[in-house]
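Pasting a structure here, questions to come.
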Amino acid sequence: TDQPQDKTTIRFALDWMPNTNHSGLYVALRQGWFADAGLDVQVVPYGQTAPDNLMDSGNAEFGISFQSSSVFAQAAGAKVVSVLAPLQHRATAIGVRADRADLVSPKSLDGKTYAGFGDAGEVEVLRQIIRNDGGTGDFRNVTLGTSAFAMVYSDQADFTVPYLTWEGIEAQLNGTPFKYFQFSDYGIPDEYAVVIDASRAWLADNPDAARKFVQVLQRGYQLAADDPAKAAQDLIDSNPDSFDDPALVTTSQNLLAAEYMKDADGKVGNQTLARWTDYSRLLYQHGLLADGEGQPLTREPDWSTYFTDAYLANP
Amino acid sequence: MSKEIRLANVYKSFGPDPVLDGIDLTVAPGEFVAVIGPSGCGKSTMFDLAAGLIRPDSGEISIGGEPAAAGTHCGYLPQRDLLFPWRTVLANTSLGLELQGVPKRVARDRAHSLFARFGLAGFESARPAQLSGGMRQRAALLRTVLPGREVLLLDEPFGALDALTRTDIHTWLQQMWVTYRWTVLLITHDVREAVFLADRVVVLSRRPARVTGVVEVALPRPRTVTTLTTPMFAAVERDLLGRIEWSRNDPDPISSTE
Amino acid sequence: MSKEIRLANVYKSFGPDPVLDGIDLTVAPGEFVAVIGPSGCGKSTMFDLAAGLIRPDSGEISIGGEPAAAGTHCGYLPQRDLLFPWRTVLANTSLGLELQGVPKRVARDRAHSLFARFGLAGFESARPAQLSGGMRQRAALLRTVLPGREVLLLDEPFGALDALTRTDIHTWLQQMWVTYRWTVLLITHDVREAVFLADRVVVLSRRPARVTGVVEVALPRPRTVTTLTTPMFAAVERDLLGRIEWSRNDPDPISSTE
Amino acid sequence: MPTSRIRELIPAVAALALVFVSWQIYVVTSGVSPRVLPSPSRILEQGWAHRGDIAPHALATVEVTAVGFALSLSAAWILATTADFLPWMRRALVPLLVVSQTLPIIAVAPLMIIWFGIGLLPKVLLVALATFFPIAVGLIEGFAATGRDATALFRSMGASRWQQFRYLRVPAAMPRFCTALRIGVTYAVVAAVFAEYAGAEHGLGVYMLRQKQIFRTDLVLAAVLVTSVLTLLLYAATYLVERLIAPWAAADRARSAQR
Amino acid sequence: MPTSRIRELIPAVAALALVFVSWQIYVVTSGVSPRVLPSPSRILEQGWAHRGDIAPHALATVEVTAVGFALSLSAAWILATTADFLPWMRRALVPLLVVSQTLPIIAVAPLMIIWFGIGLLPKVLLVALATFFPIAVGLIEGFAATGRDATALFRSMGASRWQQFRYLRVPAAMPRFCTALRIGVTYAVVAAVFAEYAGAEHGLGVYMLRQKQIFRTDLVLAAVLVTSVLTLLLYAATYLVERLIAPWAAADRARSAQR
């Protein structure tokens, strides 16, 4: 019919305070593209609850996740699936203070203190890295949530895992730079740093709205990759009291656009089975994945079911 | 309209020691009975039982034919005055009326009309902490008597009053009683007070309390200052003093009236 | 060793109304003075001043030549008994001694030795809530007298006692006083009690209180039951009653002794 | 007497000033990074500069606080009253109440969001959960602390259970209620901030989280300061409330403080 | 009388059972995912299965709680005593105390860890911060609530200021102190868990955080249950303490409850 339909409401859950990992979302919001598509998108701010959990419990339709979180959630039976990958590569690394002459490679982290996030698998993967570098992999694991980075600055902890494209730049701008040990230099396969997860139930019920939403979001991230200055501005404008120093946002967005967002074809958002498999398999092989009853998985999952490109615009 | 108070073969103990050891006492409707007994013998306990606030170990207690129970509505003046700090003196005295459902304004007016008589004039809006000991006692008495319950239990209401203030209130109380014929049970340590006010005086023994004597006071009403000088008054007083048998236990007795 | 109590031209008011209106009173060291006055006239207020608990508006108060101050150490028995719920009856009575630094065991033994005399035997480990009104008063009196302060201020210590218990304690108190010659100031509403115990009786007017009469009681000590029947006792009593001038203000006076 | 009032405040102001001055001196002399520990002067200055940002967040927090505390107060009164009239209810509910307080709110908050969604509801519930217990316990214990003699007297005067409650137990409980109110109100704003931490669009909690994210410890602490001031205002208000509902207790306290 | 004691507990047990049974029935009939709302039976079963993991974390939490609460108690007594002897100290310190409670702990906790490291210290301080206020206020108000008459009597008996404190003000404050203790102890374990959330190696807080990240809501709630049980044990212990330090108050309460 020609009757103007009620707008579909979509709740989008954030993983963290607004940052450049979210730029595509804010571009699309700012440009009014969601509204044009008949979508009413509400941002669910970062809180104590992981976005995958919000989607699984029906409190959000879409949200930011990471490849590892998504794998853990889906293995445990959460009804979510990855529909878009804004960043094609891992954007995190082991970070230590740049002035720590004693820390020269992962091996030297043995016996040191890790400021972590309580994430599943983080310790196992770090231990593997240190072992791959010839160390024992024994370090002190302190769970800190949002304070991890400050703990490293203030010398209460020795290393953490910052986003190169956010905490890394922030540290540089503030004159206390990090130095990094890249996961991939120590035998850990690449992964998608950020993925967009969706509620499977909602996707099944709203295929058209889902497609519209994912494509508009993809368009937003594409613009962010193509015109980082504009995306940075949209992000800043959408969150007026969140960024003190615009340089952080612009530098970060430039770096993301240049090195992380686009695939070989210059496109944003696509996911491949190979990338999904490599890192996820590592998690499986370390026995980290467990089913809904808490039993370790005994059969490797079919990774192709963990993500879908079906909602993306045709490449 | 008044009610009978009846205690039949009442026993009560706190812990191992008996306090009331078989009390039998009937106060006829409209009768005024005084109770005299040594300190600590169990008088207040008897009142608590009559007011239904505690239960006897055995025996029966009834007010107006009904077993005494918590809800027994009587005017009870406990030995400690118990004025409430959150109410002004006037509001404390009108409390009994207010609880009967009398509108606040009316209740306070009625209480207030007696303030001069009770020597409380000028202290309407004072807090109880600002009263002297005797004033507290008078305020508590006023609160007790005002609602005009059919049954009044007064536990040493005049202990902290000087002789003249006391006499003044005696006279007023007698006048009220003659008019309304409440059933009154009064605890006192003052033999003359007992004889002046009561129709009958009951004497209790040392703890455990038993009734050791009952003296009828057949003096005509209303009794006045002249009643006190009659030979009959003196005779009743002497009779009563004779019955206070517990005096014999005293090592070095000094009778305060002989 | 005893101390003089001196009030010179003392004025005190709460709010606009005066309560004490120029009180002059000297109690010589070792003297026993009784104070009689109508309820609410200001007797307790006078004691609070003497104990240094409140300050006069004007005038001077001294104990043993020193201005009365909060630290003035006297045995003060306030009108409300104020036993402490967290102490047993025995521990309440020995409190004064303990505060003087007497070892606990000794203090309790000394208190305990008087329990029978005070009719408290068997209630050593009871809580104050388990005592009758008169027993509370006796426990409080024991606590006050035990430390043997040079100055005793007793505010109606016998109000809740029957005549015989009262007489018993009178006798004991007089005996102690004869031995230790404390300076004692006693408030009472009982004229006979005042005459029996005191060297001098001071009569106060209605509020605001002024001293309206002083009666010397020259009866020999120790006074006993026989003293009460002497013509001299009767004469003093009559003299005293005559001075209770505030009786004249009464609308319907019934003297309790004529 | 306003001058004596003001004179009474001197020690408090002096103590606070001492804390701030030592802090300032420490920061200046130790040269600690403002990201770790900013100086008080910097907090004030930056907080003032960002007042336009902070104000709307503060307003949002005030709203959550007010609604949550109102809910908490009503619930506490209803529950305490019920418990007072029905002793078996007291025995059934008070342990539940205690149990409710033993739940680590920080672990429960994310679950509340899963159960109740993301709106005002879970936040208001969190404020109520945090402030409800001291108030309800204060009331229940206050009611129960009514003297036995007084209760007996009321019964002998023929007071109905309701009259006993209205004219005896409620006034007798007021002093304890006021103490409990003071404790409860102290937690109210803090709980609202906490609830915002668990996920909100506006509010001082959100503001702090955002500033912390960009390492503006000074602005985090500026928001902390605003929270404190809000709480102190509420705290002061409880004394006004006390003077209204329990003037005799306030008077007694004043006298005893003069001692 | 153990049987009457047990009979008194029936309503509480029944109420708790009702909550759990309704919850179980709801979960079974609604088929809600255990990641959102696990059934009580599942929580118990899984918690028991993981008891070997949970126990050392619980032990760590108990340690933080014990040290923190001991610190809090000592500090509250020292401060309240000081404030009682020196009225200007009361006027100086009580406002500081109130201010300390107005700090949103959730914003301050991470800062404390940055300032004091990841060891026991910041956690112990947090537990103390959370439990100190109700105890100190309870004590201070308890001391101050001593009747004027009683104080006057003590002074007339020549009691030194210290004796007044020892023999009058302390016992008079005990009932309020016990109430305050009950409130304070209720917050102690919760505060420890909270502090662990802000940063720790071991403890129930860390355990919950980690289980939450791997979507084990059942194990989060199992740890919540352990926290509750720990708190309830402490809460029950306060009644024993009360019977020791304020037997008369306990007796009064018992009488008034019989009413």
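In this document, chain identifiers A, B, C, D and E correspond to the written order of the chains, with residue numbering beginning at 1 in each.
Keep this in mind: a residue touches a chain if its C-beta (ideal position, glycine included) is under 8 Å from a C-beta of that chain, and two chains touch if they have at least 3 such contacts.
For each chain, UniProt lists the protein as follows: B, C = ABC transporter ATP-binding protein; D, E = ABC transporter permease.
Bear in mind that the values here come from a model prediction, so they are computed numbers and not experimental data.
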Going by the touch criterion stated earlier, list every chain that contacts subunit A and also contacts subunit E (ABC transporter permease).
D
Starting at subunit C, how many touch steps does it take at minimum to reach subunit D (ABC transporter permease)?
2
Centroid-based (C-alpha) most distant chain relative to subunit B
A
What pair of chains is linked by the largest number of C-beta pairs in contact?
D-E
Rounded to the nearest Å, the gap separating the Cα centres of subunit C and subunit E (ABC transporter permease) is 49
Would you kindly tell me how far, in whole Å, the mean C-alpha position of subunit C lies from that of subunit A?
86
Chain centre separation (subunit D (ABC transporter permease), subunit E (ABC transporter permease); CA means) in Å
17
Between subunit A and subunit B, the Cα-mean centres are separated in Å by 85
Any chance you could list the residues of subunit C touching two or more other chains?
80
For subunit D (ABC transporter permease), give me the residues that contact two or more of the other chains.
36, 106, 110, 114-115, 197, 212, 252
Would you mind listing the residues of subunit A that make contact with two or more other chains?
53, 57, 146-147, 150, 154
Between which chains is there touch?
A-D, A-E, B-C, B-D, C-E, D-E
Counting only contacts in the complex, subunit C reaches subunit E (ABC transporter permease) at residues 48, 51-53, 70-76, 78, 80, 82, 84-87, 95-96, 98-100, 127, 147, 149, 153
Applying the document's contact rule, which stretches of subunit B touch subunit C when the two form their complex?
14, 17, 36-45, 79-80, 119, 122, 130-135, 138, 155-156, 159-168, 170-171, 189, 191-192, 196, 224-225, 228-229, 244, 246-247, 250-258
Which subunit D (ABC transporter permease) residues qualify as touching subunit E (ABC transporter permease) in the complex?
8-12, 14-16, 19, 36-37, 87-89, 91-96, 98-99, 101-108, 110-111, 114-115, 133-134, 137-138, 141, 144-146, 148, 151, 175-176, 179, 182-183, 186-187, 189-190, 193-194, 197, 204-205, 208, 212, 217, 220, 223-224, 227-232, 235, 252-253, 255-257, 259
Residue numbers of subunit D (ABC transporter permease) touching subunit A in their complex, please.
33, 35-36, 50, 53, 57, 106, 109-110, 113-115, 117-118, 197-201, 206-207, 209-210, 212-216
Subunit D (ABC transporter permease) residues touching subunit B in their complex are 147, 149-150, 152-159, 163, 167-168, 171-172, 174, 246, 248, 251-252
